[in-house]
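As written, the chains take the letters A, B, C and D, and residue 1 is the first residue of each chain.
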Amino acid sequence: MSDVVSAPAVSGGVSRSFLRDARGLQRKLVEEYYGAFASVDQPRRPVAYMLVGGNLTEILRSFGYDVVFPEIVALNCAIKHQSLENILHAESLGYGLDVCGYVKNDLGLQDLGGKTSFGQIPRPDLLVCSFSGCYVYVKWWEALAESYGAPLFMFDVPYMREETPRQEDIAYLVSQLWELVHLLEKRTGRAFDMNELKRVLAESRRAEDGWVEFLRAGRLRPSPIEAYFESIFYMFPINVLRGTPGAADFYDVVNEEVRARVRDGNYPLPEEKFRVLVEGVPPYTNYRTFWDFFRKWGAVSVVATYPKVGGLFDRGFRHDPSRPFESIAEYSLGAYVNQSWPLRRKIIADYVKEYQADAVIIHGIKSCRSFTAGQGDLRDWLIHDQGVPTLYIESDHQDPRYFAPAQIKNRMDAFFESLEQRRAVAAAAGAAPG
Amino acid sequence: MPELLKIGSWAGDLPDGEAPAGIEISPDFREFTEAESVERIVHLAQEVLADPTFPTVRAWRTAGGKAIGCFPVYTPQELVHSFAMMPVAIQGGGENLEISRADAALGSFLCSISKSTLEMALTGLLDPFDGFVFPYICDVSRNLDGIFTRVLPQRPSHMLHLPQNFTSPATIPFLVAEYRSLIEKLERVAGRPFSPEDLRASLEVFNEQRALVDRLVVLKRDAPWKVTLVEYYLLLRLGGLLPREVHIPLLRRAIAELEGRERKNKDAIRVIVLGPFCEQPTLELLQLIEDVGCYVVGDELQMLHRWCPRIEPGTDPLESLATSYVRTPVDIGVRSTPTTKAAAILARVDAAKAQGVLFLTAKFCEPALEDVVLYRRALEGRGLPYLHMEFEEKSTTYEQARLQLETFAESILFE
Amino acid sequence: MITGGLDLGAGVIKGVLLEDGRRLLATASAPSRGIPVQAARHVLDTLGETANIAPDDIDYLCTTGFGRYAIPERNLQVSDFTSSARGAVFLFPKTRLVVDVGTQASRTMSISETGKVLKFKMNEKCAAGAGRFVERCSKYLQVPLEEMGPKALASERPKLISSVCAVLAETEIINNVAEGVPLADILMGVFLSLSQRAHSLMRYVGIQPEVTLVGGLVRNVGMVKALHDTIGMDLNVAPDAYYAAALGSAVLGHARLQKLTTAPQGVGG
Amino acid sequence: MTAVVAGVDIGSTTAKCVVLGEDSRILGKSLSVVGVDIVKDAERALEAALADAHLSRPEVSFITGTGYGRYKVYFGQLVVTEISCHARGANFLFPGTRLVVDIGGQDTKAIRIDDKGEVVDFAMNDKCAAGTGRFLDVCANALGYDVGEIGPLSLQARRAVKVTSTCTVFAESEVTSYVSRGKDPKDILAGLHASIANRTLSLMQRVGVEPEVTFTGGVSQNEGMVHALHRRLGVPVNVSPLSQYLGALGAALHGRERLSGGAA
C-alpha cells in the first residue's frame, strides 16, 4: 500500500507513552483480582455473582463477599480470543445463535469448568441479579441458579422513563435492599454493619470522582484521552473494585497521567481530526482492529456511552455515605441501559454539545437487544433532527463470527471520507469571497 | 390483500354478555354476534386477521369508542376496559404486511412482531388507536415504547415496568404505583376519572372470558380431536380483537358446538407447544403441526387471556390486579419463574399427558430461546422427546418445518 | 420381496433396490437439475436395468428427501432423518450418531440400536454449512468436485473461513487466493469450516460412538479427514453410505410391507 | 499538462475502468470479470480502457482506485471508497440526483448526496448477501437463465410469486421448489425482483427517499429491477447505460479534483 496516497494521511499510530503507566497498573489490578480467587484457601470467602448494571458491590463488600461479574469475565475472554470456544459449547447445550454473547460465553465457560487463561472462576454461593436495564439478566441468572443451585436474589430495578425517579421507585428499591441485607446476615452469620457500609461508600465516592475527572478530560481540545477504547480498560476498577481504596487510588494515577499528557502534548493521535461520540458495546473480539479504523482517519472518541453502563457518574450521581440506601437505589436506577430511549437520546445530544463531537458512531450488537433495538431510530434522529453526522455499524461484542472487518472498514472509510469532503467544501466556501 | 370486512348496520339488544356503563357495542359487530357456527366464526376470524387495517377497531371507533393497543402479555387490559375503552391485542402484522421501514429503525436481529408493530406505526396502520401500552416483557418490547414516543408523538404510549421480585412485600405496592402512572395517562385519553367500581366490573367481565378460555383449553387437552389447533387458535385470537362483550357470547356458542362434536380420535401423538407466548406463528404452521400427526394438547398461544386463572376483585380492585400478576401460578418465559424450569416443564407434560414437547420459538425471541435449554435438560432427564424450531410471522415455504415435524412424529411413532 | 428406496435430494436423486430387506441389489443416482420427477424415473429405470428387474417387480416403493411427495406411485414417504438413520444402521449396525452433509443442509441425529431417531438437528438458518457451498467453491477455484478432497489432503496449514455467509465466504476465499494461500490449505480450510459447523450440530444431539457419515460428502476424502480431525474420533465411512437415505427408506419400506402382508390392516402413521 | 485521469473500480464481481479527458469527456472504458488475481485484474482493466481510448499509460496523469479491491490498485495515486465515487458519478451524469442506489455484485447501498455530489448519509445492506446482484445471479442460475435475460422476463409476469427467503442460498431452494410446484419462471422472477426492490427500499428509507433517484451498479442494467424499484418507490429512477461505470467515473472525477486542487 506504500505507493498509494490514501485520502487521509495515515497517522503514525498511538504515541508511544500513551496508555502506558495507568495501563500497567490496570493490568496488575486485573491480575490481582483474578489471582485472589486461585489463592483463597478453604474455607474461602463467599462468592457472589453480580451484574455490572446497577450492581450492589458495596453492600456485598461490607459483608466480606468476593464479587464475580460474569459479564467482565466474558469480555476478558473475548479480548483474549477465548470467547468462541465457550460460545460454541453453549450452542451445543442448546443456546440459540441469537442469544446474547455474554450469556453464551459465560454459560459455556461455566459448563466447561470455569477455567480461563487468567484464572479459575469460582462457583457462586449467592446470585444477585440486578435487573437494571436488561431482561436478559433475569434469564441468565435463572440459568445460573438452575445449574448451581445457589440462591438467587432478584433485585428488581424499575426502568427509568422520567429523569427523576418516583418516590415509589426508591421505596421499592430500599425495601429490597433491606431484604438483601437480611439474607446476607442469615447466610454469613454476620450482623449488618452500617458503618462499614458507609466507609465502603466513601471509597466508592472517591473512585467516582476520579473516574469522572478522567471522563471529562475528553472535553479538552485536543482530547488527551480515548474515551471509548481507553475506557474499556479503565472501567474495570470503577465497576469491579468500587469501594476498595485501590480503585480510588487507581484513578489518581490515571488522572496524573492525563495531566502529564496535556503537559507534554502526548495525545492519543498526533493530530485530532475528528472528535467522535461512540454509542454501543464494543466488539471485544476485535477491538484493536476496530480502533485502527478510527486512528487511520485521525478520529478520537472524546465521549462514549458504553463506559456509563455501570452508572452515569458524569451526570452528577455519587454514592453518598450520608444516604446509604437511597443513594444505592438511585445508583441502580442510573445504569445507562436502564434509561428509556427519550432519556438516552437526551444524554447523547448533551454529550455531543458538551464534548464538541463532530460525529456519532453507533456500534450495534447483533445479540444485544437491550442496547441495540432502536439504535436505527437513534441514528435517524441524530441525522435528521439534530443534524449530527452518524454512522451505524453492526457486529457482535462476543462472537468473532459476526465481525466482518472489510465491511466495517469500508463503511468507516466512506463515512470519514464524506466528513472530510464536506469539511473541505465548507472551508473552500468560507475562504472564497462571496 | 383480501377485501375489507363488510360490516352491515344493525340495531338491537345484545343477546348475551352485558356491556358496562359507557360502552356501546357498535352495530357493526353484527356478523360476530350473529355467527352461529364455528365454521363461520373461523371464517370471520381469518378475514379479520388478513386485514392489517384493524377492521374491528375501526368499527368500534365509528360508534365513538376509543381504543388502546396492548402489546402482549401482561398488559392489564381490565384497566383500559374500565374506562370504557377497547383494549386491543397488538400481535404483529401478519403475513400480508411488508416490512420496509421498521428494519432500519429497530435493527436487524429482532423478532418479527416488534418489527411489524413498528412498521404499522410508521405506515399509519395504527391510526385507529388512541394510545399504546408496552409491558416490560423483554428489552425489545420495552424499547419499542421509547421509539413510539418519537414516531407517534400525538398518541400516548406507556411502558409498564413489570416487577420481577415476587417475594418482597414492597412489590405489590410498587406495581399498584405503576398502574397508577398508566391510569393517569388513560384518564387523559378517556377524558374521565378512574373508578374502582368500574374496574371491579371489568375484572368480572375478564374473569368470564378467562373461564371460557379455560374451558376451551381443557377441551383441547382432553379431546383434541374435537377442535383443530387452527380453530382453537382463531377462537382465542378473536378475543383480543373484539370487544369482550362480543367475544364472550361468541366463544360460549363455539365451545358448546365443539364439545358436542363427534369426530374420530386419530392415532396421533400428544405434544405440547411451548414458546409462542408473544409473537404468533402462522396459521399454516399451526395446521402443519397437526397435519404431520400431532395433537397439540397444551400450548402457550394467546397467553394474554390466560396469564392468571382468575382475578378476585376484592376490596381494592387495583391491588387485586397487581396481586394477580405477582402471585400467578402460570409460568411463561417472560416472567422470572419462582419455580424451577425443570419442575415446571415436567409438571406441564404430566398434566397434559404429553408424549413430546415442541419448542416453537419466534426467531430472535431471546427469552424463549434461553428457556429452551433448561427445559431441554429436564426432558432429557426423563427421556422425553422434544423438537426445537423457530418461526417468523412471514414465511411461504414450510419444507424445512415439515421435514422436522415429520421426523419428530416418526421418531415417536416408529419403533 | 423387492423394495425400492428413492431419495429425492435437493441436488441429486439417489435410488436403491433391496431384496428381502437384506440384500442390496442395485444403486443409482442422477442429478435432479430442477426436474426431480424425471430424474427419479431415470434412476428407477437404471436400477431396474442393473438388477435386471421390471418396474412391476418392485413390490413397495418408499421415498424420502426434499421431493418425497413428488412421486405419485410411492407407497410410503418418510423424512430424511428417519431414512438416513435406518440406512446408517443397515450399513453399520453399531451406529449411534449419523452425520449427513447434503446439498442444502447438514443434518445430524442420534439413534437407538434399532435405528430409531432419538434427537436430531439441522442447520436451519444458513446455507453456509452444506454441500452447495463446496460445489460453489469448486466452481470458483476451478477444481472439479471429485478432485477437491484428494487435493486438500496435502494441506499443511489450513486456512479457516471466518464468514458465516456462504456467499460472503466465497469472497473471502477469493481474497485468500489473491494473497497466495496454497490451494490445498484453502480447500482444507473449507472442509474444516464445514466440519466445525457439523460438529456443533453433533454436539447439540450428543456425540457417542459409533459415528457414521452418510450423504454426498462421504465421497469427499478431504471432508472425511476434516470431520475426523474435528471430532477426534473414528468415523464409519463406506461408498454405499452415499445412498444411506435411499437405503434406509427401502429398509423401512420392507418393514412396512411385511407388516401389511402379515396383518391385514395397517396402523396409522 | 494534459489532464487525462482514470478511475479503476474493483468490485466484488467486476472491474471497471473509465478514462476521462479534459472537459471530463469519457475517452475510454472497460468492464471485465474479477478473478482470483485482483492486482492483475486491476491492471488489465486499466489497459483495456486505455486501449479503448487509444492512449498509452504515460499519458494518464492521475489514477484513482475504488471498490472492494481499491487497495489492490497499486499503480494508483489515490483511493476513495465506492460510496463517494458513486455519489460523484451520479451527480456528474444526473446533476439533480439526491439519492443514489447502487446495487452491485455483493452489496447494496443507498447514498444521499447534496447538490455538489458530496455524500450526506449512506446505508448498506448489513447481514448477508441477500438482495444483491449475487442473489439475482444465483437465482438466475437456478432457473437456468443468464443474468441478462431475467430482467426482461420478469416484466412478462402475470402474477408475481411471493419470495420470502432472506438468504441467498435458501432463496435458490425456494425458487427450485416453486419450479417443482409448476410455477411460471416469469412469475417467480417477478417475485424475486419485487423482493429485492422491497429490501432496497428499506435501505433507501434509512437515509431518506428524495427525488431524484439515480440507480447505479451492475444491477441497474437489469430492466426488471429498474421497473420493480420504480413501482415500489412511486418516483422515476434515473438509469443510463453508463450506470455500471459510475463508480469508476466518480473515481476519475475525484482524481481530477485532487489534481486541480493541488495539495488537498
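Worth a mention:
One rule holds for everything that comes next: a contact is a pair of C-beta atoms (placed from the backbone, for glycine too) under 8 Å apart; a residue touches a chain by one contact, two chains touch by 3 or more.
Values in this document were obtained by computation on a predicted structure and should not be read as measured data.
Listed by label, the chains touching chain A and chain D alike are B, C.
Using CA-based centroids throughout, the chain positioned farthest away from chain D is B.
The leading chain pair by number of C-beta pairs in contact is A-B. Centre-to-centre separation of chain B and chain C, using mean CA positions: 41 Å. Chain A and chain C, compared by their mean Cα positions, are separated by 47 Å. In whole angstrom, the spacing between the mean C-alpha positions of chain B and chain D is 46.
Touching two or more other chains at once are residues 94, 376, 380, 394 of chain A. Residues of chain D in contact with two or more other chains: 68, 123, 126-127, 173, 206.
Contact of a single residue of chain C with at least two other chains is seen at positions 125, 168. The touch graph of the protein chains shown is complete. Interface residues of chain B, counted against chain A in their complex, comprise 103-110, 114, 136-140, 142-147, 149-151, 159, 161, 163-171, 173-174, 177-178, 181, 333-334, 336-337, 340-342, 361, 363-364, 366-367, 369-374, 376, 388, 390.
By the touch criterion stated above, chain C contacts chain D in their complex at residues 10, 34, 36-37, 67, 70, 104, 125-128, 132-133, 140-141, 165-168, 171, 174, 177-178. The touching residues of chain D, counted against chain C in their complex, run 12, 34, 36-39, 68, 72, 106, 127-129, 134-135, 138, 142-144, 167-170, 172-173, 176, 179-180. Of all residues in chain C, only 66, 78-82, 105, 114, 116-120, 122, 124-125, 252, 267-269 touch chain B in the complex they form. Chain A contributes residues 1, 3-7, 376, 380, 383-384, 389-390, 392, 394, 406-407, 410-411, 413-415, 417-418, 421-422, 424-425 to its touches with chain D in the complex.
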